[in-house]
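Scroll down for the structure; my scribbles are underneath it.
Labels run A, B, C and D following the written order; every chain starts at residue 1.
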Amino acid sequence: MKFYKVKVEEREVLGSYTLLRYRWPDRPVEPGQFVMARAAGYPETLDPFLARPFSFYDYDGEMASLLFEVRGRGTALLDLTLTIEVTAPLGKGFHIDPGLGRAALLGGGIGVAPLKILGRRLDTAGVPHDVFLGFADARSAVVAQEFQGAAVATMDGSAGNHGTVLDAAGPLEDYGAIYSCGPNPMLAAVKLAAGENSLCQLSVEERMGCGNGSCNGCVVPVRGGGYIRSCLEGPVFPAEVLAW
Amino acid sequence: MVVREQKSRVDLAVELCGLTLRTPLIPASGTLSKEALDEVEGVYGAMLPKTTTPAARAGNPPPRVAETPAGMVNSIGLQNPGVESFLQDLDAFDLGVPILVSVAGDTVAEFAWLCEILAGDARISAVELNLSCPNVECGGLAFCAGPASVEEVVAACRSAVPGKPILAKLTNEGVVENARAAESAGADALTVINTLPALTVDARARKVLVKGGLSGPAIKPVALRAVYDVSGVVNVPVIGSGGVVSGTDVAEFMLAGATAVQVGTASFIRDPQEILDEFTSYLKDNSLSAAGLTGALRGVRPVLTGGEDI
Amino acid sequence: MVVREQKSRVDLAVELCGLTLRTPLIPASGTLSKEALDEVEGVYGAMLPKTTTPAARAGNPPPRVAETPAGMVNSIGLQNPGVESFLQDLDAFDLGVPILVSVAGDTVAEFAWLCEILAGDARISAVELNLSCPNVECGGLAFCAGPASVEEVVAACRSAVPGKPILAKLTNEGVVENARAAESAGADALTVINTLPALTVDARARKVLVKGGLSGPAIKPVALRAVYDVSGVVNVPVIGSGGVVSGTDVAEFMLAGATAVQVGTASFIRDPQEILDEFTSYLKDNSLSAAGLTGALRGVRPVLTGGEDI
Amino acid sequence: MKFYKVKVEEREVLGSYTLLRYRWPDRPVEPGQFVMARAAGYPETLDPFLARPFSFYDYDGEMASLLFEVRGRGTALLDLTLTIEVTAPLGKGFHIDPGLGRAALLGGGIGVAPLKILGRRLDTAGVPHDVFLGFADARSAVVAQEFQGAAVATMDGSAGNHGTVLDAAGPLEDYGAIYSCGPNPMLAAVKLAAGENSLCQLSVEERMGCGNGSCNGCVVPVRGGGYIRSCLEGPVFPAEVLAW
């Protein structure tokens, strides 16, 4: 896998999350696509060993941005460094079809990340949409300020509605398209709530080895049996494909 | 550009079982998909896709990979579409270098059957037998665990595919005995080693994370030792595998006795072209050719009074 | 100070073969000298000096150590002053916790002889048999390599030192079979594992650097797997060894089935007190006691469909 | 082993070497003693894995300094970082005995490091001494400026005399004490040149695992057979002890 060393041009703390911007010229990015990223790679260090997957939060043709939450060692280091290593955009993103009518975007926790660039692209395509965001608490909900007009819920009730993102959203059947990203159990709940009538697309979260389809590490179970790679055939899948 | 041109004056080619490899690097089976091939043009001296089995295999449920200090543990479970579908897709791996095909069966008969199928396929230059299947059970016992079963499988495959070289890929456990057995049964080369059986634990959740095979730089000293020990007792070429992450690592494996070297996990974390470039620089700086390296350290520093502390 | 006091409310004690260890940590044999003991007061639940042999051993010529990714390779060659002189110095290891003594012989008779000498020494709470001697040759064959020789040595030692618990320390190769053999021959506990046979190469000088045993975090996933597999098939306690470098690592080993955990190479790169502090915090954060951890992940995530990829 | 995190207060480039200063209060340092040091340790990173041994270059009761040459990964990282981890002073240093008369100090390459603090202590003890320094070339010889009055030789003749440190020194028999640090083959040559009449002390260089006597990794062969640890019984040994 080819990594590019890029400078962190900007870093912004948004509650529990960090927003980080770097220059990424001339390569188109689909909403829902991701990069493998890390603070520094070989030969500087082998620790941490693997790069980590992050969705594009935004991209304006020049500056790309990632929104991330510090969980373990890889993200902790990412939070400190001035240069990072990233791959070219990877995976299949969200499919935008203006013919489907109004869209609902549902994000859970750090899963809100790809909804920013998705919302922008929907705007460009003239697709009306509502945004629903669920968080653990007020601190992680700070990022909601970046999503104008979004309905917010928190599990502890410290900001927005008390409850899950689905509580904030209400019934979903009337939306022509549903886009969601968040922890896998939340995605399963969204799939259920979406019913059969809309195009429901889910961006899944699995551990990755390579990010380019080589290791078969990042699979999700599919309807009809077996597994497919979320880094190459996903991370965004039509809900009906997934055996959840 | 100028740099690359200077580098190309270094002789990178090696001979392996009658095949000429443009470079001694080979992708380790299971670590390079056809979708990622455009990233590696010109790097490898041969192609080696993921192990194929008689029928399609779904593989293990996720999580399948976990990071470890200087390595990773995987438990893919040999997910693959089966040999028929594999052969339909094989042209994708034609990058103008010899194609080696890795096979695994649950029984000796399956191994031999796979070899028969491949025997007539002119696109395939050699067959690698994945004899390291600790996950394949056979009559309740681990298959291919000891020299007797290694010998049996290799012999059966040897007659099933008389026209092509056979590479036997061995695990670390019992590697010297198994290498001898594979050679005497007619293996033309030995790939040494596969991943080490390993476990990762999620202490916070208090559960097993991934039970699988350890790969990456963490195992390099173990793989180097296996290559060194095996190449000291067999006459067939040895292909090194395990933990290569730099051009210096490639050199270390060849010095220890390898004729060619596989790059696996490293290709997830860096561009394999850089590994080749580093190796080329190493040869240049030391006025060496790739083929001249193999086994060059044998006998140097003969103070090996018996090995490791205990 | 306040923090340390709160931590002490966590129950760190474990039982091992009738001995009460104040903490589950034990220094791995060969990694803590008597001169460094003042640095580790209060950390360990038992003491375990470097392996002693019947006569003094000079050990291997330098270089004896080399760094590897997340680990090191050593080839000390069991340098030690011999059992007589060892026993004269043993009081230095009296830190108020049980003293375990590691022994190694070149023959079954030597092992038994060492055990007889130790049998009458009241300062010694238990004996660890270093059965992992890949550097000790015996009639041309590696000694202690298979279950038969493990059984023989353990049985001989069992009768030579009837009054003290015997711990059999095993290598990774063949660990499950050897564990069964050691248990059936009367071992009271098993230490799993020793270093992995390994090699380091100096590519610039084109020579072998150190041929020896790999230790450190690199081998942790291998050691965890061995502890998990062994503790699943034996009834005696298992002591984990291999790659522990943090309190979380200690927890992982205990979750995987270890009753106590040895700290070796890590003590070269950090203060073992920090490891104990982290482990204490882990227990506190999860409202657990040390003894309650052992084997707690067995059966959790039962999706182990057969293990590693190949 | 206990490591202390200290700030690099000063860094100075001296030809091919780097001089680095950190605060080290209240603990006596013998000339010839060393520390195990690294750029950062666990939990920040496991790469490089082991700490490296470095002689004390100087110590004034408050600031300690190390002089080092970048060779591999560990020293390269040391050259970049703002904080380092060091142990307390380790090993046995040079023995100073004013009764022995005039002393010769012979340093080879980066082996000049412990001769600075040694020279200072000899001055304090009122021991007259001559300093002889050998280097590969003019660039590594730059550090000689820190040793007033030292005779310098370089292998390529680009600075000082052409030749080895022994060429610069001339006959050694008349010195009451000889102190030397450098590559082991040089030490063997110094031992030979020193003869039997003086107290000749050599600071040896061996690979180390622990630095505190625990691993038996750093041994040197001794006269009469066997090996002893250079980190604990050394790194400075009376020449006659060594089986070189």
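One rule holds in what follows: a residue touches a chain if its C-beta (ideal position, glycine included) is under 8 Å from a C-beta of that chain, and two chains touch if they have at least 3 such contacts.
This structure is a prediction, so every number in the text was calculated from the model and none was measured.
Between A-B and A-C, more C-beta contact pairs are found at A-B. Among the remaining chains, D is positioned farthest from chain B, on the basis of C-alpha centroids.
We define each chain's centre as the mean of its Cα atoms; on that basis chain A and chain D are separated by 55 Å. Chain A and chain B, compared by their mean Cα positions, are separated by 36 Å. Averaged C-alpha coordinates give centres for chain B and chain D that are 45 Å from one another. Residue positions 43, 46-47 of chain D each touch two or more of the other chains. Shared contact sites, meaning residues of chain C that touch two or more other chains, fall at 30, 61, 68-71, 74, 76, 216-217, 245.
Chain contacts in this assembly form a complete graph, since each chain touches every other chain.
Listed in rising order, the residues of chain C touching chain A in the complex are 69-70. Of all the residues in chain D, the ones that touch chain C in their complex are 1-3, 41-43, 46-51, 74, 206-221, 225-227, 232. Interface of chain A with chain D (complex): residues 43, 45-47, 73.
Against chain D, the residues of chain C that register as touching in their complex are 30-33, 35-36, 39, 50, 56, 58-59, 61-72, 74, 76, 79, 216-217, 245-246, 265, 267-271.
Interface residues of chain C facing chain B in the complex, by the touch rule stated above, are 30, 51, 60-61, 68-71, 73-78, 104, 130, 132-137, 173-174, 194-201, 203-204, 206-208, 211-214, 216-222, 224-225, 228, 243, 245, 248, 251-252, 255-256, 282, 286, 296-297, 300-301, 303-310.
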